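Before any comments, here is the structure.
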Amino acid sequence: MSSWDRFTDTFFNAKVMAKYWPDILYGVGVTVELAVLIVVSGLLAGLALALIRALAIRPLNWLIIFIVDLFRSLPPLVIIVLIYFGLPAADISPSGFVSTWLSLALVLMAFAEEIFWAGITSIPKGQWEAARSTGLGFGQTLTNVILPQALRLTIPPLTNRTIAITKGTALGTVVAVSEILGMASSAMSNSYNPSPLMMGAAAYLVLFLPVVVAGRWIEKKFAWKR
Amino acid sequence: MIVSAKGIHKHFGHLHVLKGVDLEVAERELVFVIGPSGSGKSTLLRCLNRLEQPSAGSVTVDGIDMLAPATDINHARQRIGMVFQSFNLYPHMTALGNVALALRKVAGKSRAEADALGLAALERVGLADRATHRPLELSGGQQQRVAIARAIALEPRVMLFDEPTSALDPELVGSVLAVMRSLRESGMTMIVVSHEMAFARNAADRVVFMDDGLILEQGPPAAIFENPAHERTRAFIGQIQRH
Amino acid sequence: MIQSFFNPEIIVAAMPIVLAGLFNTILLSLIVVPLGLAGGLVLAMLASVKSPLVRWPLMAWVDFFRAFPPLVLLVLLFAGLPFAGLELGGFACVAIAFFLNTGSYYGEILRAGIDSVPHGQVEAARSTGLSGLQAMGYIVLPQAVRNVLPDLLSNTLEVVKLTSLGSVVAVPELLYQARQAQSITYNPTPIVMAAVIYFLILWPLVRLLSRLENRALAGRG
């Protein structure tokens, strides 16, 4: 056996790959499900917090700022571990899937709130005054005048942040979520062969490479004209 | 001849910007290059210190073959000062920092020595008292004078000016022209691309008219301005003077 | 509740273990941040070479490592390489994975910074005789770094947070040590301690960043 054959036999073993690809595919399903849940709930929660902050109720704003800072400061893996291993001590036992979803959604919420809020405050005061002077209410001004302008500003930073946090789904493997990395790791230890890991890596590339390239494109398309 | 450019061609993709230009400049001469925009004046200037690589031709400055691969271009450029339309001062450095950088890094002078020389150069453009200011704290005219100081601090044999007053408000043009005039009086060889016709008339030894990548005619200012041989030259000068 | 999450006896008992972890987290950060920055700098400077022979492989490299979740890269090195007869320790694996991953991110940021410096700056520098490398070092990079400072800091914050991944490959950093202490004491207090420590260390940076970012976005509006 040549060394190249030995290499392919180890890392791209056809028999092992044939046996375990359904497992990896299952993991892809879980990863996608987890990612979609995180993105939707995280972005919505972030937008909601930013809108509440626009109401400018002092104590409420302090609370929001604290929550945002907290989840920007803590490593996502620490939050996952805290929820998964910590909460049972308070008689709440979330599954690994729920722990990962909740943690990453909270992190995305924090970053999204920050970005949405920066977008809202970047709209000149004159826009508020003009809209209010025509008789539009606070909510109407926000939804019809401010947000359409602010959201456009937030798209590039939001896209990049969302991609980065979605990749965090791999952290779920630490709390036994059967996403791609988890499935690949257990298949590897069952087969004593790294081929499943290579399949998992390939699956991540297939999932995320288009997203990264699309992110690059979005960044260019919405680039600020100076 | 301190500057000798022969048969300069320059292509940018399909564009043929210089179509065989010959330009000789004697020591202590002030040559003024005029012509419509897009005629290749700036490109010619930038070929002289090889900021643009000519597609064909030869350039010799102060005896150095500027296009030879063996030439240490960074060393050669010290002898050729250049002043840009948009100043291009380094915004993160003080005026003195701008002037002293190449003295230290290219000429290899100590910091103290470079600072002293830099301060002297600023003195010559009348801005010694602005040495610690950042470019953004200076007016356009002051910025351009710092840029001139940055070039002359290296004691170049030739100075290239690429539309040095075009980006300035009218009231600030005079201070820059005054510095250029005093440079001329000190005997500096200068090649100036500019639309300042009054300055050309008073200070230039020779005016060169370029059009469409070629030198159409050249001569003493009086001859070119009062009695141009070419119809194109006459049209261009008429247009400039009407404005 | 207090007994579970803020148990004073356990705080005292676990403190040395957790602090040892904190020390390693700081050490790890001091290694991986400069490493990533250096890698990013090389990538960014290569990106200013306009030849497509350099540019396309470079872009592929950067996107490749940005598409991989860092943990996947880490596990690939830690669990995959031994099958090729190459057994690196957890620490080395973290260093390499971070070099590849965060280097790509730093590279993208620095590239944007270099692009933001007008070309006239390089021309002016070259016209005074500075070499290409000198012009990059003295003129372009200082301005580039200043222009993208918020992004650089933000990425650095993420890198420090990412060091917690070391716990997966048994690098005894803060999270790993806290989990060790937790499994000894059967009490989540050490993990809460780790979280509090992360927050205390990183909060000032987060505050600073949120101010810088707000200003940057507002300036573009």
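Every chain is named by a letter (A, B and C) in the order it is written, and numbering of its residues begins at 1.
The definition used in the following text is that a contact is a pair of C-beta atoms (placed from the backbone, for glycine too) under 8 Å apart; a residue touches a chain by one contact, two chains touch by 3 or more.
These numbers were taken from a predicted model, which means no experiment stands behind them.
**Q** Among the chain pairs here, which one is joined by the most contacts?
**A** Chains joined by the most C-beta contact pairs: A-C.
**Q** So which chain is farthest from chain A, going by the mean of the CA atoms in each chain?
**A** Of all chains, B has its centre farthest from that of chain A.
**Q** Just how far, in Å, is the C-alpha centre of chain C from the one of chain B?
**A** 46
**Q** On a C-alpha centroid basis, what's the spacing between chain A and chain B, in Å?
**A** 55
**Q** Take the average of all CA coordinates in chain A, do the same for chain C, and state the distance between these two points in whole angstrom.
**A** Centre-to-centre distance between chain A and chain C: 18 Å.
**Q** What does chain A use to touch chain C in their complex?
**A** Residue list for chain A touching chain C: 7, 10-11, 68-70, 72-79, 81-82, 85-86, 89-90, 114-115, 117-119, 121-124, 149, 153-154, 157, 164, 167-171, 173-174, 180-181, 185, 188, 193-194, 197-198, 200-201, 204-205, 208-209, 211-213, 216, 224.
**Q** Mind pulling up the chain C residues that touch chain B in the complex?
**A** 118, 120-121, 123-131, 134, 138-139, 142-143, 146
**Q** Taking the complex as given, what residues does chain C use to touch chain A?
**A** Per the stated touch rule, the residues are 1, 4-5, 63-64, 66-72, 75-76, 79-80, 83-84, 157-158, 161-165, 167-168, 175, 179, 182, 187-188, 191-192, 194-195, 198-199, 202-203, 205-207, 209-210, 213-214, 217-218, 220-221.
**Q** How about chain B: which of its residues touch chain C in the complex?
**A** The touching residues are 49, 51, 74-78, 80-82, 84, 86, 88-92, 101-102, 105-107, 147, 150-151, 154.
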